[in-house]
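Should a chain be cited, it is by its letter among A, B, C and D, assigned in written order, with residues numbered from 1 in that chain.
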């Protein structure tokens, strides 16, 4: 049931891998893949058998299964335990103690930007990723994607071999071919490089080296999420939102997108602790959000304005006019926007002065970025909340430019590093056809993906957790990626490939990175600084001279385009640009606003749905410029009426068993420029339907005592509004239980929660929660222990959105416990609602009687190694039991962490300190919305949080006495804007 | 008689005559009497002097024992490994009453059934009475009276006459 | 005293009656319709087997269940079958205590029906479990974990209630069979029949002493039958009522469940009575007057059920709680409204047909009403179990389930299993209690006192 | 109807019934006995090991401390099975050519781990921490028995939940002072009040309350 028995095996494998260091390291995989240990691991972890619950069961199969299940079920209890073996190390690595985790500071890049992480490993096997509290882009938090990188590491579908024209080949053959071309490139040029956004100092240095060797080298950058490339690049800006009092988000989703999202979330939402006593009432900022697609930021904002993407620059210009930005006097208000709203916003921003910040969205045009910078300049925010950022990737051109070069026959060799243009190039570019015309194309990627298949050569890339590399954070801080495991499937780093192109065929990945930094620190104690960097997770450098922000001149007033339907492409909140499509944790992650998993859909406004007579899941054909795409629709409250949004990242065809064939590829409709919004869309209704796999079917609170909220005025009037009318606790016939030791409890601050889902994935990673697949989600069988409920209030066209994370409440009078016939769930002496899997017989009565519906059931054997979506055993947390079929499970408050922390404290002979112990959801939360600790300690953070006047128990009138309570939400709207919050109009049912 | 005799078996045309005969023979001091009828006949046990209340008594005793035992088991189990279950007391006796009741009903049921079987001497597939072929009518429409030879006042000749007087249609000697 | 001619007593002598009934068991010829029915029932029961094998092999995910609707068909079917069982016990015990003459000719089939219904009702909870092979964890036995069952759980109560009911019903059935087994032994002419029934009869000789003790034991069982019936369905209703789920948590549940149980039970007895009439030509043993009485019983209980419906709605609204009101609005208008209105149609509207004597006495009429009653009661269980949970406290967790093929297979198939068992029983055992009928004839014709 | 059964049938029936009842009782007794038997609990099992390592020799006769080889026992959940390297610290000097030790030498040379057979194996759903026990006065001997007398490692206790609970419900009498945790066959000085000693040790080790020690999630997490 547990992954522990595999530890020794993995350790053995790792040792086998570990011997192939140094020179051997850079050599082909074929011979290695033949070792029996490797074969065994692969077969056990990644079997090819289809899962039972998805496949059709044959007669023989069924009988066999029945026999097996009877044997499994009945007989294991009858015989003595089967024998097991222990394989100790032959030589134990220094500092490694079997059974004790080791932590490594490392870095995970996203879009090239670094996020500092700490990786927990057991016997050389990474099992959990946490944020690095000292890293400026993490502050201790991570997002869902960073959490899910762990699963990506063990993904059995990752590329394992060098391939030539699709078939396995060898490194020697590759180098031979490469060698033949190098001299010509040096003479005649013709070598091109295609990367994503790239901040790695060592890679950039290697590229510079290549430029010297091949003077004609052209470097192209493909960043599908950044929209159309621009001759005049957008200003590189970063924000200090901890200094901001009024923030205007212009379609930026600044809390959930971009390299600084975790920091933004902490600085904007993490500071909201309403308190009538404080001068700013504990609400230090006000967030306005103008957005083209409902997002986490819009949901968290105090004022939200839905606006189709092309109208956002008009909005910014109209605001600029009000603020007196030169050159914008002629700007008109965009249609449909209340001028009074704009006036109030302008006043608010003006009052904030240098405490204002206007943030443009990355998907928006460079024009908007310049406009926003002008607004910030006008407000006096530049230098205070708006600072220059390190320059963007210094490439020579974007993907359309590369396409042009290919057309002109100027590309002889093309090296594509960690990018997948065949999938993510705009459909209009027909990049696959063009790539076929490149004589020598090389793809380095983690998957033998669409581009890998189209390229002449494919090289497997090492996963960020397996390779030496470096990257910079949004603010320029450099940090090192240090491998926590030797590449499982071989795999090269970009540095190695770049060095090979430079003629260095035997370069060591580690040395390539170190060499760069050795050059940076010529005089210093290099080893000392290097060690410090590895230990801390980031590199201490002399701060670069502050570059001045180039102030935009000659702003042009944007003009309104046609008012027809607009198609918008946005990063998928989980799959990002599609790179993570084979990651089951992310595919199954309910997207924050739609609560959709797996399936892709076109988001349309309720008004558009009504106009076209569309129902949820009905297929439409989207047509633009002669390209058509059939996709089901999702009716999204708060979507601008004329805007249709497609999330990028689905419709993969060559990524693996998880991601292939899920959803549609939205890049196919994109204009050649790569712009992320375009008009000229027609929408044709069809009669086909899909049942979409969403995890929440009902979107209104229905007046139930679940969410409590008010605005600042209401709060000041009645600070105790969240307290129940009746005395607490209600009287009981039963005597009270004592909790003399620890009494664990949790407090969730709804003011801070952004609904970003990081807690969901962190919990999944920590607690070995299985992936169930789209069909199972459709049937309501999803397994997440913590879910983020999303409710809409107010009119469907512009609703207010509320999030509420719901883990187990650990009720002191738990209704689940007294109905269990076998004591599989009851209370422990510290107030936890325990769940004993090995005692559970699966009556499911506990779930029936749980008013919060937080329990999850293993309807099938999801963790069967034969299951298609089973998490590889190596990725399991060895401290948490892996649950088998027929067993109930639920949030345990990370009891394994509690036990470990208590044991560690006792071993050290000291009491457990507050804050020493964190649950997975608490630790990952970017805004610190979750507090957990000992309620018997009045000074603990959780006790203080629960002492807040805002503290309330969900469904408290049931007298379940939950240990998890919430802090009611207080919004901070602009008193000058009274456009919303009329509970009487709180009805039109969200489209069903 | 060379053969040992089990008793005399007489068939009567109806229940009333059987009752009358039974009462008469009993008043004559015969004790090892038994009547056989296709269905329960009111008054017949009294006529035969059968007054046995052991079946309901056993049922009652079994019910009380089973109920008490079950309750004791539940309380013992709760104390053996005490748990905090939903914040309820360790011994939540009101909740234990339902199983207690169910088990006392089981006690009564089994007590009644098995005391009936055992007191009747079942199982006893062989019995001398079956040696009389016509005895099968007892489970169809025949009313029989049997006087066992073991009775100290057994006298085959006199009994035969007496039975006939009471209207017995036929009298058999039942071989042992 | 001359017999009252109320159509309840056949125009036969004791011997002729015994021979008639014995012939159905001991006779060499089996009606072709019996084979036909058995074949059909076997086919249907194979579906059950298939469903069970599949569900046991892959897991309960095969059923249409999820969170929040974690209980579904297996629980519905358990409640439904146990309800059917109750009428059997009631007829053979309570009507015996109250000296209802009309019970004699149907009591045996009612008891057999009860027996098989309980067996099925008891098998569903096993199928319902996530890990059925660990069901023995519910038993109190000294084990290596030092753990005991959790006695506060209504499921433990249930386990004991159903187990005790099964024991009780089996004991009761065997007890009342015993004299008839002797009768078969005595009537058997073939050796294996003599041995078979001879062993089972344990040597019963129809002695006055046997009868006296038999009657005492029978009376004890009959006396505890009523509380057992009430407590078993009551306990099962507590599975729901003890929870805090809106739509489950009603104090009216125990009596309401008992009434519903008896309604469906009498309907099923009526169906079996009609089958027996057709199969063995028992038209003189089970007369139209019997059908009429069964119809009247159904009417009584369905009126209680209808009253409970009203009462439940009143309670839901009287509490003033949004949750309870929500459950009712959902029942009326939600995704499962067809089931609710189907239940109302069957149990409230069509059931009123029972007021008409002509319908009650007509074979097709009563058959229709009985089938409607069984369907209606199944729908009632459906809307209690599924409709209540699919929308409870947390709007975010609301969800619907769709019954799968395996749900329907294991439900429909169980009816096949029931009839296989029943058909085998009526071929191997006397389907009319001969000694009861003889006693009845004795009482009615010869003025004997029962 | 003639007589169906012979007179002997009565006795025969009773004998059959008695036999059935006896069988039933026997079944219960056998089942209960089976689960408490050494066959099921594997007490006394002494699986063949790649190297016939003798605790008796190393501990009993040479007096090696447990921690010399089981290096993780005070810091980790796992006590740690010695790496081949540890064996060879001595055996590179002693018995360097012994045939018996060839697998150890081979293992270190080839980097192939020795595959020891597990003797004490808890189910995977149980968390057991060696450091949590030995640092708080629970001696090795409590679960592993007198290894200093075992030529081959042998399972000595059932390690059933019942066995764990015995101690968790009343830890005092099994606790030892720190110096005696790794000692074999230690007994308190004659005349010591074992219960009072247990209480003192519990206070010293801050042993959690019995309630905490019998929490399900303490071991099943």
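Just so we're on the same page, a contact is a pair of C-beta atoms (placed from the backbone, for glycine too) under 8 Å apart; a residue touches a chain by one contact, two chains touch by 3 or more.
The structure displayed is predicted, hence computed values, not measured ones.
Asks: So which has more C-beta pairs touching, A-D or B-D?
Replies: Comparing B-D with A-D, the pair joined by more C-beta contacts is A-D.
Asks: Just the number, please: Cα centre separation of chain A and chain C in whole Å.
Replies: So the centre of chain A lies 56 Å away from the centre of chain C.
Asks: In angstrom, rounded to a whole number, how far apart do the mean CA points of chain A and chain D lie?
Replies: 46
Asks: Measuring from the mean C-alpha position of chain B to the mean C-alpha position of chain C, what distance in angstrom results?
Replies: Averaging C-alpha atoms per chain gives centres 30 Å apart.
Asks: Of all residues in chain A, which are in touch with two or more distinct other chains?
Replies: Expected reply: 815, 818, 820, 823, 826, 828-829, 839.
Asks: Tell me, which residues of chain C touch at least two other chains?
Replies: 145-150, 152, 156, 185-186, 198-199, 203, in rising order.
Asks: Please output the residue numbers of chain B that touch at least 2 other chains, ranges allowed.
Replies: Residue numbers touching two or more other chains: 81, 83, 85-86, 88, 95, 123-126, 130, 135-136.
Asks: Chain contact graph: line, ring, star, complete or other?
Replies: If you draw each chain as a dot and join those that touch, every dot ends up joined to every other.
Asks: Per the contact definition, I'd like the list of chain B residues that touch chain C in the complex.
Replies: So the residues of chain B in touch with chain C come to 14-16, 22, 34-45, 48, 50, 52-53, 55-56, 59, 73-74, 77-78, 80-81, 83, 85-86, 88, 92, 95-96, 98-99, 101-103, 105-106, 108-113, 115-117, 119-127, 129-130, 135-141.
Asks: What residues on chain D touch chain B, complex-wise?
Replies: 1-10, 13-14, 17, 165, 214
Asks: If we count contacts the way the header does, which residues on chain D are in touch with chain C in the complex?
Replies: 1, 4-5, 10, 13, 32, 35-36, 158, 160-162, 165
Asks: Can you name the residues of chain A that touch chain B in the complex?
Replies: Residues in contact with chain B: 732, 734-737, 812-818, 820, 823, 826-829, 961.
Asks: Using the touch definition up top, name the residues of chain B that touch chain D in the complex.
Replies: Interface residues on chain B, with respect to chain D: 81, 123-126, 130-131, 133, 135-136.
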